[in-house]
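One chain, subunit A, links the two complexes that follow: it is found with subunit B in the first and with subunit C in the second.
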Partner chain A sequence: MSWFSFSDMRLRRKIMVITVISTLVALVMVCLTFFLYEMMTYPEIRLKSLATWAQIMGDNSTAALTFNDHKTAQEMLATLKANPSILSACLYDNKGQQFASYQRDRAARRRYPAVAEQAGAESSGGSLKIFQDIFSGGERVGYLFLETDTEEMRTRLTHYALITVLIGLISFFISLFVASRLQRYVTEPLHRVVDRMWDIARGEWDITKRLEVSGRDEIGDVAEAFNAFMGKLQTVKDMKSDLISVVSHQLKTPVAEINGFIENMLDGITGEVNSRQRGYLDQMLVIGRGNYKLISDLLSISKIDRGVVSADIHPVSAKEVVALTIRDYEQIMKEKSLILRLEGTEEGIMLYADRDKVVEALRNLLNNAIKCTDSGSVTIRVGSEGDQGVIEVLDTGIGMDEETLGSLFTRNRVLGQEAHRSGAGLGLYISKYFMNIQKGDLTVTSEVGKGSCFKLVVPKYMKQAGTAA
Partner chain B sequence: MKKFRRITLALVLAIAFPAWGQFSEYAVKAAYLFNFAKFVQWPNGTFNSAASPIIIGVLGDDPFGGDLDRTVEGKSVDGHPIRIKRFGAFDVTRVSQLQKCQILFISYSEKDNITEILGAMRGTDVLTVSEIEKFPILGGMILFDQEGQRITLAINPQAAKNSRLTISSKLLQVATIYKSE
Partner chain C sequence: MESKEVILLVEDQEGFRRIYQDVLNADGYEVLTAMDGEEGWETAKQKKPDLILLDLGLPKMDGFEVLRRIREDPETKKIPVIIFSVIGEQKDIQKALEMGANDYTVKGFYTPREILGKIKSVLTQADLKKD
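The block that comes next holds the complex of A and B.
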């Protein structure tokens, strides 16, 4: 963050900078105004003050002048000590001759005019001189001369500057403090909104989430606009799910029928099939089944998206589940020369689960295992851990690296490059989802080049309890 | 410090001296006599009207010659013109005349009658001025005194107050203050 780039500044600092600058600008303007006012009015005030002193001094000295009392006049002028800015003073008699005098600094030996001059004021080099007539009973009895120095003016200006700097510093810190307090009212709700947005963005796009609208200000507007945006997004997503749902539903039955017809032809119902025709029909059946699987997966996904998937949970034996799973794959494995091993299927473990969904999950796992294994074996191992039933699918295939494992159960993987190998790639996401909704789970361990082990966990059926906990 | 001030004063006096040195003693005293009118306030009812004259009486031999007349000629104080009245030697039968003055100068020639004169003037609103020694102590108001060449004033404010006269503090400031015995 550069000090000079205002647009890159955090909002917190922007608010503080704006507050402090506007405070200081206002303050400087006020101080400047006072300063200018002082500069403009001070000479006049000074002259008035001096004239007042002259008036008082003159008035007090009428008797001394009238009755020729130098001593009293001298003493009276000495009272000017009370005003340190008066540099010198001189009293003249009615002939204009010096009568009594005063000097603030005796050593300075200020000169005063030898004889009285015309009444009036004169300002030169900061010092102010004034001549005043002294009247008594309508008769002029003498003159008074007063002179002030520049000291007072300088002192005043210095004081002004000091006060300005002091007040400037104080108000700078006060406004800094106030700004640092007040900026929170803006930045904190904003941070909350931004944090929540990031939460939503990172959290797999859970578009059902909404921001809390904290106030009626612009930040509240942002939250509201964001919520409206999320609502719109959800509508679009729902439309997409509906479309997929309708299309896949419409496609599923025809594809199943085509597959059925191909199977019938292969079974010879339509007459003798020669080896060349059989070859084509086999290919058609593989493609047809692939399509069927893809359509089923899409349908499952759209159901998951719309939240209409429910588990139909009953006691079911693990042996039955395994049997249903491997039924369609024995042929393929035989063709690929893979050995299928079954372990623990005879132990009579009963699961409390949705049979069809467990079977579909297992078929996905077995399908993947066969696809990824070119030689060796695939093992289905049934066991139990506490009150959980465990079915593991192990292969001796190519295995997966860490990066692949990390995103294995997410639906985003579908769009990845490896779709060529694992089909649509939605299978694992669907399988894990199916397991999760029946209090089970699906996990994986794998090692590149040695094979993978998928572990499917579902609750066991407890005879005493009657239902699963 | 005090000494220094005295030297300064002496210097100032030396400079200023020629300024009044050219006037005779009685010319100065005549001016003073007139100026007293500016620093003294007479009680209400003293003057019949705003233009009533201030009468300066001279009792006994007139030492001013023509100076007093020249000083007051054409002058007025607060609208009151100045009038001079000469009475000659003190005469008990003319006391009521004396009492009509605002300022009464008692000449040195009346030195022997001073107690009697002051007794007659007691309680009247007449400002009494004289050059007779101990004048303020005897119950007079203003004495022309002498300090070297300089004419100074000695005042008995209590005596003035008894006659319902108000002497300005400015005048008191330049005078030596005395009390009656």
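The block that comes next holds the complex of A and C.
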């Protein structure tokens, strides 16, 4: 609409603008009230004051009028100098003849009116005039005329305006200062709520998190509503987990059975298998194991979601773990003409770990390594660092850039666009989780075009101590 | 080995029963099978096999109950039991091990041949204890 939009303003600014504007409006209203009051009442006050002067002058001049003493009357009128707002004055005898007169500025030569028919006051042409009868002992002895300017009123109003502007400026700055202080009580709790919401939104799908509700104001309401929303989300997520769990349980038995039959056939239990049949069976087993792995991953995820994953930790040899890992993949590697190198498997390193979970993690790593490598080799290297056993899986494949590495161990990849890439989504998330619950870890280093190195770490089994730390 | 060692396979899935019966037979074991918990317990009590492969999710009487009876009966309590589980039953396995199962294996995660290796090692340990 325009470059200035109130609705786009940050709350901090809005509060300040509102505070300052309302302060100024209140101030202007108060000043306006005084201003109007002054305009309405000041002439009346002036008139009363003028009437008082006229009364005093009249009373003082009765003797001069009675004795026809012009000089004394003149001297008496001259004392009006004490009041600079009186422009002119004139004393008349009872026949209406000028008796004595006074002019503030002689140069101005203001005219004295003829005697008016009756006493009264009038305001005209920026001046205020009054006629007064002078009585002595119940008998009229003369008249008095006084004229005053309205200069004083203009001065007063100018002062008012100046004071208003000054106070306005001062209160503008004070209200700005106060608003900038007070706005924090609104914006800071809001910022906290927003930050926490973003934490949750950017986080690893941990929707058990809740906002702390502080206070019963609108910000507290926001937090409460958000928590209620998270509760709903949790319910939906639980339903999804349950569904995945039920479906996977139903699927895994038939898939495992099919694989078992194939494995038995390949083992020659049902008789001699010729090479073409073996080729078919090998293919079927690759597909069957792929399906089994997918079902296992889904089950693992739903277990992680429900927080029911535990580790069954025993001493296990690194060699056995590696042997169990590679047996599913020797066939595929043969087909892709990849070389599998094993290093350090004969060194007798014992791990203190959950064998099945380490095997599953390693299978994930090997599976990925094979997928990302079209030629060259995959190496599994066993070693140790201090009291930690280390198994590394190195490939000579395409490698990964920084961005891919950053989101590698999250499950967002499965939820996002990359979900369609075959399989590789959930495995690494599950693998890292499996390592973390047995005091281990899974990390990666990679270089685009050169290959990746996944490093799996678990505690070593210490024979002397009996158990690992 | 003078006589064939006898293994009781308690498993309600027909596929798994056939797979393991075949692989054990091929390796020279005599295999008894039971399709549910009750039949498993009856067979164990009557035939006193050298080893029992026990599934946990069974009809009529679940694997835990079968295991409890085997371990409580003086005639069967020495028989080694391997829990024959499917993936995703970690808690159940833990419970079964605490109830006196000797070991466990995961159908599908390991090949029948790998599971055969485990059966052999449990049998060897049981033989050593006997002597």
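Observations on the model:
The working rule: the second predicted complex is superposed on the first by the 406 of 469 C-alpha atoms of A that agree within 3 Å, B and C clash if a C-alpha of one lies under 4 Å from a C-alpha of the other, contacts with A are read in each partner's own complex, and residues count from 1 in each chain.
We take it that contacts are C-beta pairs under 8 Å (C-beta built on N, C-alpha and C of every residue); 3 or more make two chains touch, one makes a residue touch a chain.
All of these numbers come straight from a predicted model, not from anything done at the bench.
Aligning the shared subunit A places subunit B and subunit C next to each other free of steric conflict.
After the superposition on chain A, the angle subunit B-subunit A-subunit C between C-alpha centres rounds to 150°, nearest 10. Of the two partners subunit B and subunit C, more residues of subunit A are touched by C.
When the two complexes are overlaid on their common chain A, residue A:98 makes contact with subunit B while staying clear of subunit C.
Looking at the shared chain after the overlay, A:356 reaches subunit C, while subunit B stays out of its contact range. In the superposition on chain A, A:129 makes contact with neither subunit B nor subunit C. Contact with neither subunit B nor subunit C is seen for A:455 once the two complexes are overlaid on the shared chain.
In the overlay built on the shared chain, the residue A:299 is in contact with subunit C alone; subunit B does not reach it.
Of the two partner chains, neither subunit B nor subunit C is touched by A:432. Taken over all C-alpha pairs, subunit B and subunit C come no nearer than 122 Å in the superposed arrangement. In the three-chain superposition model, subunit A touches subunit B and subunit C at no common residue. Residues 5, 8-9, 12-13, 15-16, 19-20, 28, 32, 35, 37-39, 75-78, 150-153, 168, 170-171, 173-175 of subunit B are the ones that touch subunit A when the two sit in their complex.
Put simply, subunit A touches subunit C in their complex at residues 248-249, 252-261, 263-264, 267, 269-270, 292, 296, 299-300, 303, 308-310, 312, 324, 327, 356, 360. Of all residues in subunit A, those touching subunit B in their complex are 60, 62-64, 66-72, 74, 76, 93, 95, 97-101, 136-139.
Residues 13, 15-16, 18-20, 22-23, 26, 86-88, 90-91, 93-94, 106-114 of subunit C touch subunit A in their complex.
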